[in-house]
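Across the two complexes that follow, chain A remains constant while its partner is chain B and subsequently chain C.
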Partner chain A sequence: MSKPKIIDKIATVIIYAMAGFIVLILAGLLFYILGQGLQYVNWHFLTSRAESFSAGGGIGIQLFNSIFLLVLSMIISIPIATGTAIYLSEYSSNGRVANFIRTAIEILSSLPSIVVGLFGFLIFVINFDIGFSILSGALTLTVFNLPLLIRSIEDSLNSISSSQREAGLALGLSKFETVTHVIIPEALPAIITGLILSAGRVFGEAAALIYTAGQSAPPVDFTNFNPMSITSPLNLMRPAETLAVHIWKVNSEGLIPDVVAVSAGASAVLILAVLIFNLLARFIGNRIYSKMTGDK
Partner chain B sequence: MTKKAALSASDVHLFYGQKEALKGITLDCYENEITALIGPSGCGKSTFLRTLNRMNDLIPGVTITGNVKVNEQNIYAPNTDTVELRKKVGMVFQQPNPFPFSIYENVVFGLRLAGIKDRAVLDQAVEKSLKAAAVWDDVKDKLNESALALSGGQQQRVCIARVLAVKPDIILMDEPTSALDPVSSAKIENMMMELKQDYTIVTVTHNMQQASRISDRTAFFLNGELIEVDKTKNIFLDPKNQQTEDYISGKFG
Partner chain C sequence: MDNIKAKLTVKSKSSKREMNGKIISMFCTTIIVVLVISLIGFIASKGIAIFVVDKVNIFDFLTHSVWSADKTDSQGRPLLGALPMIVGSFGVTFLATIIATPFAVAAAIFMTEISPKLGNKVLQPVIELLVGIPSVVYGFIGVSVVVPLVRKMFGGSGFGILAGTFVLFVMILPTITSMSIDALKAVPRHYREAALAVGATRWQTISRVVLKAGAPGLFTAVVFGMARAFGEALAVQMVIGNAMLLPQNLISPASTLTSVLTMNMGNTVMGTTSNNALWSLALLLLLMSLLFNSLVKFIAKKGTL
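Then we have the complex of A and B:
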């Protein structure tokens, strides 16, 4: 065998080995966490309140808090990220302003989440005097999430061929119409995939929330829909420990006797949720694309 | 000369930054005729075509002087609405670029955005445009399927139907058949001959047989200059300019 052929063979083996190694780690992690945790997950665990000192507590409020916080931070960040991404991809002519924004986004995305959390603590909790609350947490998560969201939407928009823009403009569409009726619909499957993946990241985030959404989950009354009431689940100003923060909390300073069970169960739920987000991302993205393009 | 100029460019200069890509082009394109722009690669024929619906405005660093009149209106006047202009002056590109929607949605795209919702009007426009673009028989049974599933030649004709649906006066074609096989090209050529009854067509082509087959007038471009323009027959049989003759006879290009 000639030398290039031998090198090619060796490289192929190494590349396959590396990919296999990664898959192995991921699968191992997944099976370990699910195997340890799923046995504790039942309806009672998912819906009941956490206990402070005695065994048998659940994660009901934390689970709700995680979802509520996620929805809220997405509501804040999607419009901002979409607007910025459209500016960067369609309107800026790659001048100084755009480069400045891109650099800012890159720096922001490389900040450790605990730093973003402390920033949120100083600005939202202390300075704006919002206190440990869902709102502080959602705003902080927005700061944490925006850079990656902008990046992923911008990439989705950039992946649309420029001939599509020309086609739109040449048909007598304004620039804005071309963006909203041609580019965004075409990029939608990719945009939605990006959104859902970032939702998974936000859902599992703990460090940014410890000092912003707080580490306590006061009891809420799920029949109370008055958002001004402190016991209403919809209240934005109540402290709201999330699932990820709860896992960290019970492990570092939990006084309950069933720490292992609660944290294993909560971790399994968290991983399952993220897994569902990912599968959903693919499914919805594909569905929308085939629906839009009309092939069935 | 009884024909009326639908489109009339005078002394058009175009600069990419410092580089002068069009060096004072003066050219009239007459109503219900096909004007072919020929010349070697980089001669400025496509660039000139794109000045006629102001598509060059989209490229950063381009400056254009001179004026282009469409229906007696200078389209480079400061108060020109380019969106309106491009509805009057449609464009077909080298690569078929249908939107990844259904065939039907592609054709009615411009009409929908103009606010037309009446299903009967849209249906009629789809049939009429697709028939005019000579692709109706190919696609009439699959209007709701993706335009991307069609062959290149069919896609190009759907793109032409999409332009026809917004009822332009002038259609610009930038090498519309260069990405297609000979059979598809022939169909598009025949269709262009039909279309010129109702439209004014300006087409860029690399293919000199094509220019001689379909065009009424031919303009020869070289290095950003318009060397010669005349009736197609005269250009091909009796060119006045030596450079034109050299290009036509294949001495360079």
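Then we have the complex of A and C:
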């Protein structure tokens, strides 16, 4: 064999090994977390409240807080992101204004989440005087989530061929009607996939929340549905430590004796949630697509 | 007659809807722009307070290594030197990027040149999952696996820049990889065909044609990875050791800009010197993020020329 051929073989082997190493890392991570954590996950762990100083605490309130915050921030960010994505993909020309808007969104999406969290702390917690609360957390998560959501929705809208837009306009629909009746329905599978993936990211976010939603989870009475009452789970003004923040908190303060058990269990729950979000994104996207295109 | 005139001059339902839709979408866009401008404005105004109100010298701030807001120097200015954190942040960022880049590029070559089928089936989902794992989980694994391992192999407490580097390496790997894949995919097919046609082996084609043509994209991927590493807060804070001292070696406890912010923002009172100093660190983070951003733009401009 000539020298270049030998080098080619060696390089191929090395690249195979390096790619294999990455797969091994993920396998090791999943194996470790699920292997360590799943043994602690049971109904009691998922529903009971966390302990501050003794062992045997659960993650019930934190889990609820995470889901509640996710839903709230999605409710706020989806309309704004959709509106902006429609503007960027349908109305804006490639002029200076559009360029400026795009730059602003890029800057926002590249900001470290701790900076976004500190901004939320400064504006919502201190200037608006909302305090450490679900509301501050949800608004901050919205700021964190918006740029990524806008990009994914805009990409979905841009992937629709322009003949669809022309067809809509030719039928006498206005531009906006074309968007709402023709473009968005066709882009829906891609949009939903993007939404679910961003939901997974929001669910695991902690740095943006430690100074906005707070680091404590006061007891909540799940039979109290009066949103004005401080013990109601629906109250927007109570401090709400989420699952991700809880993992950070118990590890960095370590006042409970079963730190490893609690954080391994909570990490396993977080990872499972991320896996479910990922699978859902694939499954629901495909499902809606085949339903809407009549393709079985 | 009047009826027709009225009909022609009054806006149709459709055009009213069009107006409303356009206004709503422009309103949403305005929200984002206002948000970004106010974010930069607010953090900048808090961040410069330490230089304007407390009269700290910017040059001292960036080059001195004693951080203690309640002590003052001979001119009565608080002793605030952010060098330990700056060194820590850049240290973990550069080391993590140096380790992660070869793996990321190798994975991208595997995906685009060697075995796209296997790559799409195995590597792609692996990378998507790695992106999705929350940073606190990486931090927890760092504390429970990486730190003890470093302690065993290199001694010391295990907390420090080396542990931070390993954690960040795994965290930025998927970021760099997925963007490198895009960069190599964008290299036109006929480049490869031309190289193979003149008798180059696959590795010669990859190393002399594909990687060169994809270089701007690969640089962009690396910069994005660095930006992510630089801004990562909790995972790094959990393994870095949180000592505001200049790191002596890779296994002595250190700190980064983000770790100091995470640890101390809650322990200081708004408006005090020590609090203002923290906001300057936040401003420094913001400026670095803007710098990474313009670097990406610069590479994109150069790459298309």
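By our rule, the second predicted complex is superposed on the first by the 275 of 296 C-alpha atoms of A that agree within 3 Å, B and C clash if a C-alpha of one lies under 4 Å from a C-alpha of the other, contacts with A are read in each partner's own complex, and residues count from 1 in each chain.
Everything below uses one rule, namely that contacts are C-beta pairs under 8 Å (C-beta built on N, C-alpha and C of every residue); 3 or more make two chains touch, one makes a residue touch a chain.
These numbers come from a predicted model, not from an experiment.
*Asks:* With the two structures overlaid on chain A, would chain B and chain C clash, or do they fit side by side?
*Replies:* Here chain B and chain C can both sit on chain A without a clash.
*Asks:* For A:173, decide between first (touching chain B), second (touching chain C), both and neither.
*Replies:* both
*Asks:* Tell me which partner A:163 touches in the superposition: chain B (first), chain C (second), both or neither.
*Replies:* Once the two structures are laid over each other on A, A:163 reaches chain B alone.
*Asks:* Thinking of the overlay built on chain A, is A:78 touched by chain B (first), by chain C (second), by both, or by neither?
*Replies:* neither
*Asks:* What is the value, to the nearest 10 degrees, of the angle subtended at the Cα centroid of chain A by the Cα centroids of chain B and chain C?
*Replies:* Spelled out: centre of chain A as vertex, angle of 100 degrees.
*Asks:* Looking at A:33 after the superposition, I want to know if it touches chain B, chain C, both of them or none. Which is it: first, second, both, neither?
*Replies:* Second partner only, chain C.
*Asks:* Could you tell me if A:181 is touching chain B, chain C, both of them or neither one (first, second, both, neither)?
*Replies:* The answer is first: A:181 touches chain B but not chain C.
*Asks:* In this superposed model, does chain C or chain B come into contact with more residues of chain A?
*Replies:* The partner making contact with more of chain A's residues is C.
*Asks:* Considering only touches as defined above, state whether A:190 meets chain B (first), chain C (second), both or neither.
*Replies:* Neither: A:190 stays clear of chain B and chain C.
*Asks:* Please work out how little space separates the C-alpha atoms of chain B and chain C at their nearest point after superposition, in whole Å.
*Replies:* Once the two complexes are overlaid, chain B and chain C approach no closer than 7 Å between C-alpha atoms.
*Asks:* Both chain B and chain C contact which residues of chain A?
*Replies:* Dual-contact residues (chain A): 172-174, 177.
*Asks:* For chain A, which residues are in contact with chain B within the complex?
*Replies:* Its residues touching chain B are 93, 161, 163-164, 166-167, 169-174, 177, 181-182, 185-186, 292-295.
*Asks:* Quick check: in the complex, which residue numbers of chain B touch chain A?
*Replies:* 53, 55, 58, 60, 83-87, 90-91, 93, 95, 97-102, 105, 109-110, 113, 144-146, 148-149, 159, 162-163, 166
*Asks:* What does chain A use to touch chain C in their complex?
*Replies:* Its residues touching chain C are 4-5, 7-8, 11-12, 14-16, 18-19, 21-23, 25-26, 29-30, 32-33, 36, 79-84, 86-88, 90-91, 100-101, 104-108, 110-116, 118-119, 121-123, 126, 143, 146-147, 150, 172-177, 179-180, 197, 200-201, 203-207, 210-211, 215, 244-245, 247-248, 251-252, 260, 263-264, 267, 270-271, 274-275, 277-278.
*Asks:* Contact residues on chain C for chain A in the complex?
*Replies:* On the chain C side, the touching residues are 14-15, 17-18, 20-22, 24-29, 31-33, 35-40, 42-43, 46, 102-103, 106-107, 109-110, 114, 119, 122-123, 126-130, 132-137, 139-141, 143-145, 170, 173, 177, 200-204, 206-207, 224, 227, 230-234, 237-238, 258, 261-263, 265-266, 270, 279, 282, 285-286, 289-290, 292-293.
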